[in-house]
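The structures considered in this document are given below.
You will see chain A twice below: alongside chain B first, and alongside chain C after that.
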Partner chain A sequence: MAGLSDFVYNTFLRRNFTMLGTVFVSAFALQMAFDTGSDRIWDSINRGRQWKDIKAKYVQAAEDDDE
Partner chain B sequence: MLARSALRSARSAGAVARNAASKTTSRSSSTSSSTAEGAASSWKTNALPAGATAFAIGTVAWYYHLYGRNVDAMTPAEEGLHPTSYPWAHEKWHKTFDHQALRRGFQVYREVCASCHSLARIPYRSLVGTIMTVDEAKALAEENEYDTEPNDEGETEKRPGKLSDYLPSPYKNDEAARAANNGALPPDLSLMVKARHGGCNYIFSLLTGYPEEPPAGAVVPEGLNFNPYFPGTGIAMARVLYDDLVEYEDETPATTSQMAKDVTEFLNWAAEPEMDERKKMGWKVLAVTSVLTALSVWVKRYKWAPIKTRKLVYTPPIQTKSPITSKLPKPDQKS
Partner chain C sequence: MQTRNASDAPASFNSPFKGSASSTSIPSFAAYRNKSKGENGPKMMQYFMVGTMGALASLGAKATVQDFLVNMSASADVLAQAKVEIDLAAIPEGKNVIIKWRGKPVFIRHRTESEIKEAEDTKWESLRDPQSDADRVQKPEWLIMLGVCTHLGCVPIGEAGDFGGWFCPCHGSHYDISGRIRKGPAPLNLEIPQYDFPEEGKVVIG
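Moving on to the complex of A and B:
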């Protein structure tokens, strides 16, 4: 445990520029994870109601007309 | 006046109590108790405060009766019947619009309402990705002609519509609209759901609320139609929705209430097209801020822990001025 926290401290937090890098990268990653996760929950609550759920029917139909 | 008499009563109540007390002491040797007398005097003690309370409540009730009630400037008929509140799925905090219903509602608008009502704040581009595909929206836009930019001579020509154009209005201007509708202006429907009390419930009730016959005794002026939900009950728009008026492409049975519900939900979308995104964003904001709140509560407790758990000890200074106590011998005298 101590080994791990020492490793984390020395590689990421000790020097200012690695610390800053860690902050930016983890902010980006957390935001991606949060947005993807919440979108997935939202879409499953609203399954079948949104345009992307019914879009296939109409895109398909338009292509059939062209043929 | 009331205050003074209350004061006096308090004083006399005190006297009564004193008398009772002296009587009990004087009879303390005898075995008889004075409970009967005590009960009688307590009734007298309470009569005045009880009366004052009753008077105060009565005054407030009378004042409320005179001035506190709702004063309606309009009769119930002028106010219009309050619409039933329906359990709209899309009004729930966690639900988006049902976009299949929006598509049906737009069909109803185009085939029924568009001959009288404009929807002037909706451009074709906003239909893309919510109600129809790009190709469908483009084809729809091209069905109508719009003015081009004026050329060097100031002449405009006609060109087919583009996605950036707004839905065409049925009349050139409000005067033309009035002239075609017996003097009544069919209002623009873009923001209608936001513009009326009751929102969706009102519009649904209005569209489905035309009775077969006006009720006995109702006065319906010439050229108006009876609708209890419309303020004043006489509306220039006749009933427009009848069963199977449109044929839905998704084969939903086109009953009057189905069409009314679809077009109402569509008009709700027209009035707040941002709703889906707004609700999702709202939930995200709640999620993030609740984590931040929990964090800040924790940080506060962490920072305050030493202050909250410290122990304060007060050692009083030794009194040296007091002449008597300092001369007295003490069991364990501190220096």
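Moving on to the complex of A and C:
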């Protein structure tokens, strides 16, 4: 435990620029995780009701209209 | 570094002032000491909290800035109108077609062989806005340009004027068959929009 925390402290937190880099990288990762996670929750709540779910039924007809 | 073990120190204090010794007995703080070796544990905790706070704050700042920037970009309905596709097979040789693109008229002229030859043989170096015909068309038989007079923005009339091209009725500017200004007050040639031919017989403007 002490070895791990020493390692983390010395690698990420000791120098200011590594600390800042860690903060920004983790902010990016946090954003990705939040966005994909909330999207997945939204999709699972609205399953079968969104355009991407029912597109297959209509897209053939729409293309026929266009041509 | 000077180290001292607090539990060894006497939990009392010998005051140099006589008669007050009984009032200053210092309690032992040994129970509150950090029992782990070194100071990394609490430091890690503090840096973790600071870093998490910073990460969340930068997330919020980034989202705020992004919202403003996205607000300024073009919306989907504007983007949908930004391009126009025209079927060129419907335009016979020697005919003009005027279409609306981004709220402005666009002239499409299917030029005949003699018109192409006339446009290319013109001594363009001495014109008011010198531009060769090859700089103004991608395919010589299709002349595509904005139908807005460069003088004050009227819409010129096709197949009119002294040079067989366009004539602006507002102040009498004459454009030739390549849309170049030849006579009248307009300072510049008719503007050429961005366009390309994705396939034979189709043009996409925008």
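Here is the rule we go by: the second predicted complex is superposed on the first by the 59 of 67 C-alpha atoms of A that agree within 3 Å, B and C clash if a C-alpha of one lies under 4 Å from a C-alpha of the other, contacts with A are read in each partner's own complex, and residues count from 1 in each chain.
Here is the rule we go by: a contact is a pair of C-beta atoms (placed from the backbone, for glycine too) under 8 Å apart; a residue touches a chain by one contact, two chains touch by 3 or more.
Keep in mind the model is a prediction, meaning the values are calculated, not measured.
When the two structures are aligned on the shared chain, A:18 is found in touch with neither chain B nor chain C. Judged by the touch definition given at the top, the superposed model places A:45 against chain B, while chain C stays out of reach. By the touch criterion defined above, A:59 reaches chain B but does not reach chain C. Applying the stated contact rule after C-alpha superposition, one finds that A:8 touches chain C and leaves chain B untouched. Shared-chain residue A:36: touches no atom of chain B or chain C.
Taken together, the two structures place no residue of chain A in contact with chain B in one case and with chain C in the other. Listed in rising order, the residues of chain A touching chain C in the complex are 2, 5-6, 8-9, 13, 19, 22-24, 26-27, 30-31. Those residues of chain A that touch chain B in the complex are listed here as 34-35, 38-39, 42, 45-46, 48-51, 53-55, 58-59, 62. Listed in rising order, the residues of chain B touching chain A in the complex are 94-100, 103, 129-133, 135-136, 276, 280, 283-284, 287-288.
Residues of chain C touching chain A in their complex: 36-38, 40-41, 43-44, 47, 51, 54-56, 58-59, 62.
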